[in-house]
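Same chain, two partners: subunit A is paired with subunit B first, then with subunit C.
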Partner chain A sequence: MKRTVIPMGPQHPVLPEPLVLDLILEDEKVVDAVPTIGYIHRGLEMMVERVEYTEMGFVVERICGICSFMHGMGYCVSLETMMNIEVPERARWLRLIWAEISRIQSHLLWLGLGADAFGFENLFMHCWRMREEVLDIFEKTTGGRIIHSVNRIGGVKRDVSDTELAAILVRLQDLGQAFKATAEVFGSDPSIAHRLGGVGVLSAEGALAAAAVGPMARASGIATDTRLNGANLYDQIEFQPVVENAGDCLARVVVRLREIDQSIDIVRQAIDKMPKGEGQPLEIKPRGNPQGEVFTRLEQPRGEVLYYVKANGTKYLERFRARTPTFANIPAMIQLVKGCDLADVPNIILTIDPCISCTER
Partner chain B sequence: MANPFNLPMVRRSLRNLVSRPATRRYPTEIRPRFAGARGTLEFDVETCNYCMLCARRCPAAAITVNREARTWAIEQLTCIACGVCVDVCAKKSLTMLVTSRAVHTHAEVGPQGQRPGHEEWHSADPAVAAATAATTKAAEGAAG
Partner chain C sequence: MDGIAFLARVEEYHKAGWRLALINATSLMPSDELAQGAFDVVWAFAKETEFEYLRERVMPGEEVPSISASFGASFLYENEIRELFGINVTGIALDLHGQLYKTSQKVPFSPSAIRARLEANAAAGIASASATPPVAGKHA
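Presenting the complex of A and B:
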């Protein structure tokens, strides 16, 4: 049969960011897809060579506007590991709380974008309305809605009072209750089930072979979650990774829906367990220059992120690299796109939650 | 297969028809920024001792300080409002406004016809001003 090549992206109505896929079609079926990245490469990693390590955190958190907190945290944790800095406990708990709130924010954003991609604009508005409330929490506690700039090497910049933490928890729990109605739409609306159910099925073996991470792998029945390694105080939190077994686009939506509830519960546990009282130390200033190399893993909303930092004893780092979850999920996405209908391609791309600015940095 | 008559979104939409709108009537109704939000950097020329710590620590290299000429300048369009300079300032000359203040973005709008976003302060001390003027004159004389 005659083959047609359809270039999809870098500008495409469904894509929030410039991913490029050359789709090779036979009639309406996709037989192959060739991804290209590099349209918004900004060379942020190269900046370590001329930005001092204490200031590089501000650059790192600008890798991405959605997981900016986790990027800043990952960089700071890497440097703290390298320089053997014991971060004050309250600061570590605050980081965990902010990280989980940013997961809620990211999932709400994605659910909205996903709804928009399958043509459910009304639902998109509902999700983003809730996301606004989460962003308000960020503005109140960190001073910024998107770029938080609270992570410093050795701790965090700002404290959140115990009363405010309690208020945040109440607000998040109310949000979780209100979100149930929206989650019900995702879970039971027949048009969504028709559009996403059984589309782009990734088997557990396929997910393992393509090394999928995060919600992508968990929707295929693989209980992988970097938080399970217990780092960054997650060993004191009781939680089980959210796993769905269907592996289709709908399962990937449901995993994210359930993770919002899970994150609210983690915030509750963290507020319970963190040391109470204001005026506690939050930051230990790093002394001297870092030396050595270190890997750090974190569970971002999209999956496992990996940071590599190499330092040579000067105030400029030698190498900084981030392997982001979208990059890890692209091979799985290509697997899914092969054999599907052209009309399903946007949904499949969206359900990996692509963040191209993270991927290309 | 999902039940085709189960339409939760219809219920939500009907409820939304009679509920209050989620948005505000911007620009007549503006939500105030929260206390502690980071907006625009403000500089107080009276208290600054030109120690240059802010300029050294600025991650975006937006601040330039000239200790001899007693001038302090910022590129507001380069500033990323991280607040590091406010933290390090020993004289508390720098404050972070909660709201974002408009900065001029066209050269002709700037008070001294300077480049977009550039704001500059000179020491108000008359002795310093006279010394700066004399240095400038001498430099001009040497060049001429």
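Presenting the complex of A and C:
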């Protein structure tokens, strides 16, 4: 049969960011897909040559506007591990809270984009309206809605008062209640089920072979979650990975819906358990220059992010590498696209929650 | 590197159910011991909460076998280290022939490219890392 090559992207109505995928088709079936991810590659990792390690965190958190907080956190945790810095406990709890709030806003953002992609614009607006409320919390506590610059090597820059934390919890729980109605639509609307159910099925074996991470893997029945390693105080939080078994586009939506509730509960636990009282130390200043190498793993909203940092005792790092969850999920995405109908490609791509800025760091 | 022994070790991870977590390269700058520089390459694997890695010192031009046969997802990392570092990875399952990244500079992370940039920075008076590897105990 004659093959047709359709270049999808870098600009496409369903793509929030520029991804290029050359789709090779036989009739309406996709038989192969070749990715190109260099359209907005910025070479941020190269900046370690000119930016001192104390300033590099500000570059790292600009890898992506959605994952900004956790990129900054991952970089700081890497340097703290390398330099044996004991971060004050209240600062660690605040980081955990902000990380979970990041997950909520990221999932709401994605659910809106997903709804828009499968033609449910009203749902898109509801999700993004709720996300604005989460961004309000960020603005009030960090000073920024997108780029927060609140992480420091050795701690955090700002405290959040106990009164404010209590108010945040109330606000998030109210949001969680209001979100139930929206989640209900995602879970029960027949047109959504028709559009996403049974589409882009990734088996557990396929997810492992493709090295999928995050909601992508969990929607295929794999109970993987980097937070289970207990680092960054997650050992003091009671939670289990949200797992679905269908492995299709709808399962990936449901995992993210459930993770919003889970993150609200984690914030509640964190506020309960963190040491009370303001005026506690929030930051230990690093002394000297880092030396050695370290791998740091965090569970970002899209899955495991892995940072590799190597330092040689000077104020410039020798190597900084961020392997983002979208990068890890691209092989799974290509696997899913092969054999699907052309009309399903946008939904399959979107349900990996691609963050191209992260991938093209 | 001993390609056969290396691939056998990689296959052990595959058989034991590990997931490929990362392939990362780091350029080592030219020094008395490494006239042309070299690469430190790490293949990292994850399984539940465990994390392990293999490390090899790769000389410029030396062949590095693809691990696609054990871990199909390796193609993305392997294309990346070939395009950005110039590491000669052979047998990649999905060979993108230099089309993965569209960088303005070819092989931007090769030791020679890094050294050229750092020397240019020094000549222009721009603060940056040193093109000379630091001597132990005498760090800036």
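Brief remarks on what is shown
By definition in this document, the second predicted complex is superposed on the first by the 361 of 361 C-alpha atoms of A that agree within 3 Å, B and C clash if a C-alpha of one lies under 4 Å from a C-alpha of the other, contacts with A are read in each partner's own complex, and residues count from 1 in each chain.
Keep in mind that, in the parts below, a contact is a pair of C-beta atoms (placed from the backbone, for glycine too) under 8 Å apart; a residue touches a chain by one contact, two chains touch by 3 or more.
Everything numeric in this text was worked out from a predicted model, so none of it was measured.
Contacts of A:Tyr39 after superposition: subunit C is touched, whereas subunit B is not reached. After overlaying the two complexes on the shared chain, residue contacts for A:Arg158 are found with subunit B alone; subunit C is out of touch.
Of the two partner chains, subunit C is the only one that A:Ala211 touches; subunit B does not reach it. Touch counts on subunit A: comparing subunit C and subunit B, the chain ahead is C. By the document's definition of touching, neither partner reaches A:Arg302: not subunit B, not subunit C. In the superposition on chain A, contact of A:Ile330 is made with subunit C only, not with subunit B. Shared contact residues of subunit A, touching subunit B in one structure and subunit C in the other, are absent. Against subunit A, in their complex, subunit B makes its touches with residues 1-4, 6-9, 12-13, 22, 33-34, 36-38, 57, 59-60, 80-84, 87, 96.
Subunit C contributes residues 17, 19-22, 24, 26-27, 42, 44, 46, 48-49, 51, 53, 71-73, 75-76, 94, 96, 99-103, 108-109, 114, 117-118, 121, 126-130, 133-134, 136, 139-140 to its touches with subunit A in the complex. Taken together, the subunit A residues at the contact with subunit B in this complex read 51, 55, 58-59, 120, 122-123, 126, 129, 132, 136, 139-140, 143-144, 147, 149, 157-158, 181-182, 184-185, 188-190, 193-194, 197. Residues 34-39, 41, 43, 46, 48-50, 208-211, 224, 228-230, 289, 291, 295, 297, 304, 306, 308, 310, 312-316, 318-319, 321, 323, 327-328, 330-332, 334 of subunit A touch subunit C in their complex.
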